[in-house]
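What follows is a pair of complexes built around chain A, which joins chain B in one and chain C in the other.
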Partner chain A sequence: MLGSIFDPAFADSVARISIPILLAALGGAICHRAGVFNIALEGFLLMGAFMAVFGSHFTSSATLGTLSAICGGIFMALLFAEFHLRRPGDPIVVSIAINLISLGLSTYLLRAIFDVSGVFQSDQIRKVSLLDIPIIENIPFLGSFFSGQSLLFYFSLAIVIFAHFFFKYHQLGIWLRAAGENKQALEAGGVSSKKIQFISLILCGALCGLGGAQLSISNVGLFVENMSAGRGWIAVVIVLVTGGRALPLLGLVFLFGTVDGASLRVQGFGWPQQFTEMMPYLASLLALIFVCYRKLKFEKNTQGIRNV
Partner chain B sequence: MTQRLYSLLAASILLLIIFASLIWLADADFFKSITAFFKGAFGGRKYAYLLVTISRAALITGMAIAALIAFRAGLFNIGGEGQLVIGGLASAFVAINLPFGGPAGIFLVLLAGMIAAGVWAMLAGIMKLWLGVPILVGTLLLNYPARYIASYFVSHPLRDIASGMPQTHLIEKSLWLPLLPGTRLDIGFIFILFIFCIVLIYCYRTVGGYEAKMTGLSIDFANASGLKTKKISLKTLALSGAIAGLVGAIAVLGIHHRFTDGMLVQPLYAWTGIVAALMVSLIPWAVLPAGFFFAAIHSGASGMERTADVPKEIAIIVQGMIILFVASKVPTAFNQNIGSGK
Partner chain C sequence: MKAELHEISVKFGTFCAVNNVSLSFAPGEIHALVGENGAGKSTAMSVLFGLNTDYQGNIFINDQLRRWKSPADAISAGIGMVHQHFMLQETMSVLENVILCSEPVNKLGFVNFAAAAKTVQNLIDSYDLQIDQTQKVGELSVGQRQAVEILKLLYRRSEFLILDEPTAVLTPNEKEELFQSLSNFKASGKSIILITHKIDEVMMIADKVSVMRSGNLISSKLLKNTSKNEIQQNIIGGKLPKPIKRKQMHPKDIGFEMQKVIIPGLATGGKPISLKVYLGEIVGIAGVSGNGQGSLVEAIVGIRNILSGNMLLSNENISDQDVSARRKIGLSYIPEDRQSVGLALDASVLENSCVSQMRNKQFSNGYFFNLQHLFKFSEQLVSEYDIRVGSVKSKVRTMSGGNKQKLVVARELEQKKQLVIAENPTWGVDIGAINKIHQELIKMRDMGHAILLVSNEIEEIMGLSDRIHVMANGQLSESLNSDQVTANKLGELMLSRNEPALSEKLEMMRP
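Coming up: the complex of A and B.
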């Protein structure tokens, strides 16, 4: 049974499933680190997915489609910044509103511009090109994971490594963390925390837009209403669980990708489809409980020490 | 005051511009769309559409009340959707298996929906209190299992195979909520009005309601005053879930007479209810007009889709824009600490 799940095609699907969540979670991590409570990742992702198909359809170019996805993500991020940073909107309320607007806008435009409801497909949509890596592609199992993926896969892996060092050593990364951890100290240092948070939101929008592009014009090449289907929320959970640290985040994302990929496979064994589709959400719930419980216990055990 | 008026005016004009450009994008006639909007929300033959709006307003207001009760106790329960679905599923399950009908049967079915949804909401409370999972994420993540569980039940054990759709059998006619004489409006909205009155009394006039509000405003203060905040939190969550479950049961018994996969999720009842509660910054009595307002927007949008060929999703966009503008004016709708899980 295990052998029939874990074959090369499975490795390939895990990589493809993971990228949108990885990109969205990276964006969320940047916001989390900068002290912006952003739970609108779902909306950013959905808008990115729609704009990717939109751009790719009208220009017949995957690059321009990806760029337009980034613009879509950034547009929603600007909306978030306007109402949360420039005006004093509560981040949760603003996030809920943005998720609703993304859902409404993408479905509305789908019907208004393309005159279809449900699924939009066209010959003009170009998919992001795949990259075969010479030597790695011949390694049995890992080869299909690391090779033959879309450019966005390699890009997102690079971002993870970059983000790790970015937060640790880069001036902007340190400012970002300062904005999240101690705003007053940052302001005292002469840096506007609002500005830093604005930058973090824009980066988040761009990354989520890319994630959306992977979802629509790389994985499938079409757009479905409410395509993000909770992936943004899983990304939010991953960010909360890892505290926005880049490397643990990568591990957790691939864990979810594996669960998700496996859930597609076990459908072949006659499990009801609903249970297998539920698995990624249950897995994220379990991960959340595990981490929160450890934190709770830690706080309880160290209460005496901290109160001194 | 004048400044507030100006900003209200500016926001309205901006909304109107967005509205107009969206209609223009859909290649529809603006004035025809506006007429269709009002006719779809309040008009129709024998005010048929107004009755639809009322019945939708009942569901949205119910969800808004459910959200409000939790929010003002500091519990950011955004899992109304899951509670609604579980309540609807449980009531449909009981209604199908109940050997008798009539008022007693209806009462039992509504009760089943309320209990199931209340327990579902308490799951999130248990996760918060004993496992430390923030309410916001806990309730939200429980939405998805609820959705899939319901989907499983209506596509396998409870499925009406002959209908060809993922839905349960039609419920016995004696269990349907009776219609108001001479109309096609069921009496579900009276139940919601009743709940609304009880919640008003609960919020403004009872010790329990005051204690819940106190817990929401400052949990440390409530603790220091000797309140059992854990118990209050659980109780409030159960209450909030029970109301959501009642809404689900009313939708099943009054409107659809069966449980169809996605019928409570697709119209975004739960999210619209949350938005309605937030729009009036958690003032209990204002929830009723807010619920009606959003129901009118949704009904009007459906009208526009029917006659002016404007997709009805315009309602969701407008709803989101409204809540953005309101959020930027009312920053302290609730305690900032609630969401961040502190």
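Coming up: the complex of A and C.
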């Protein structure tokens, strides 16, 4: 049975499934590090996916479609910034509002612009091109993972590595962390923490927009109502579990991708669909339990220590 | 660098926090700005540092008129401030903290850590600071954190250092190190402003002293042209209240006893802690902060479990009781940290003053509060303990530190419990409030309560206690009679052992 799950097509699907989550989680990580409690990733992703199809359909260009997706994500991020940073909105309330607005708005626009409900498909939609990498594509199993993926796959891997160094060695990365940990200290140095948090939101919006583009115009080339289908929430969990650190985040995203990919496969073995669809969420629950357990243990060990 | 505040006034609504204050600061000078809490000294300095931009009057830097839009302007003009509550990133290294917001970067915005480390090491060496720049700030002691703050200013080439209550949290050793550094800065031509209310420190290190009281500048003189007495009188605006006398007591009943108690996390070296507090006496626990006093207090109050031994209160063994049971039996606690342990800052004075008596029949019938009684009770506390607040409905957050502390003391003492634990009850509080709190503690003692006073201030311990224990390195010394012991002897006991590094302490706490 295992052999028939883990075949090259499986490796390919894991990579495809993981990218939107990875991009959204990276965006979420930036916000998390900057101290913005952003759980609106789902909404950002969904608007990105819609705007990608919108742009790609009307311009017949995958590049412009991707740019349009980024704009969609950034637009939602601006909404978030307006209500949470410029006005004192509670981040949870703002996030929920944005998630609901995205769902409603994308469904409404689908009907208003394309006059369809449920699914929109057209010949004019251009998809992001896939990249075959010579040599690597011939490696068994790994080849179908690392080669033949959309450009966004390679781009997002590059961003993870960049993000790792960015948080450590880049001025803006350090300021982001400072804004998240102790913003008074940043402000005492003359840097506005609101400004830094605003930048983090914009970056997050752009990355989620890209994730949306991967969802709608990378492999499939269509938009479905509520297309993000909980991927933004999984990204939120990953961010919180990893504390927004880039490399652990990458590992966890691929773990979820694997579970998700496997869940599709085991349906073929007669496992009930209701259970297999639960698997990624079960995995996220287990990850949370694991982290909380470790945290509890740590707190128990250091119990009673005062802040000296 | 020369700086001058010219006829500065700051108003918060109708309240005038700073009234027409003119001050001038010269290079190579340590200028102490003293006054009670709420006298306006911090507000005046926040104008100079650009934190407060809504003021009347003028700031002159090197005889040029300047007006800051934000602290960034003041920083780039060479003014730096160390805040009373440190502004540091605990998970970052010393180096990252020092260069934060002024990192040397290349064209792509990546930070050149090698160059920065070199510059910072040069500063550390040239001013002889005791600090390792690769350490995480979270692992540092309070004194070292302060050194990081100062290093931040030096790195930004501040010529003008404002320090807000810099010694409030330091051990005597750290204080000495700080003063040594300040003298070094002075010698290199920097000007230093010391905001403080500790007169002894002013006498030790300042060149010029300015006194503020209720927003007004009372005097501004060179130290050699004034005297300790004059400064003190200027601060409180009248004659010093006399130290109150206490009743002669002959305590013979034990109010609280610890029998061979072992507290986890204390480096007692296998030596358990035994302690007796008789009814009608004040027992002082002296010691440099961080030597285990906090754990001891937590163990007595019930926040920390003990490993073995007995604790007796009113002849009941309380070692296994929880906090509320212990309080019911007869314990009240004035915590060191009024901001987060002692008070609910966003609740009103009324709520805070009644909170520990809510189950009392007079205060509620089990379902609803007896508001009339709550008002009466809290208003009575406010007037008895001279707590200055507009109305009992005001939020505690709006009160000054001294008044907050008086509220905590009032609430805890008013319950008239057998044992009172006072942990640094006058920390960061102005002279007026200190006197009031001391009076109340003595009053409790004279009424026959047992009082355990834990304090880092030797003067406080000497002035109030009947008997004294010294806590060093997690161990409690023999009991000393306060009329026989000298401050020197205490200091010797306090500093006899070296404090273990924090990491070691953390290691020991692991089970």
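Everything that follows uses one rule, which is that the second predicted complex is superposed on the first by the 303 of 308 C-alpha atoms of A that agree within 3 Å, B and C clash if a C-alpha of one lies under 4 Å from a C-alpha of the other, contacts with A are read in each partner's own complex, and residues count from 1 in each chain.
Convention: a residue touches a chain if its C-beta (ideal position, glycine included) is under 8 Å from a C-beta of that chain, and two chains touch if they have at least 3 such contacts.
Keep in mind it's a predicted model, so treat the numbers as computed, not measured.
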Regarding the shared-chain residue A:Leu103, is it in contact with chain B (first), chain C (second), both, or neither? first
Touch test for A:Gly189: chain B only (first), chain C only (second), both, or neither? second
**Request:** Give one of first, second, both or neither to describe whether A:Gly243 is in contact with chain B, with chain C, with both, or with none.
**Result:** neither
*asked:* With both complexes overlaid on chain A, does A:Ile174 touch chain B (first), chain C (second), both or neither?
replied: second
Considering only touches as defined above, state whether A:Gly251 meets chain B (first), chain C (second), both or neither. neither
Worksheet item: Counting only touches as set out at the top, which of chain B and chain C does A:Gly118 meet: first, second, both, neither?
Response: neither
Once chain A of both complexes is superposed, is A:Gly268 in touch with chain B (first), chain C (second), both, or neither?
neither
Larger residue footprint on chain A, choosing between chain B and chain C, goes to B
Going through chain A, the residues touched by chain B and also by chain C turn out to be none
Within the complex, chain A is touched by chain B residues 22, 25-27, 76, 78, 127, 131-134, 136-138, 140-142, 144-145, 148-149, 151-152, 155-156, 268, 271, 274-275, 278, 310-311, 313-317, 319-321, 323-324, 327-328, 331, 333-334, 336, 338-341
So, in the complex, the side of chain A touching chain C is made of residues 165, 169-172, 174-175, 177-178, 181-182, 184-191, 301-306, 308
Within the complex, chain B is touched by chain A residues 37, 39, 79, 83, 87-94, 96-98, 100-101, 103-105, 107-109, 111-113, 117, 230, 233, 236-237, 240, 272, 274-275, 277-278, 281-282, 284-285, 288-289, 292-293, 295-296
As the complex stands, chain C meets chain A at residues 70-72, 75-76, 81, 83, 87-92, 96-97, 100-103, 105, 108-111, 113, 141-142, 152, 264-265, 290, 294-295, 298, 303-304, 502, 506, 509-511
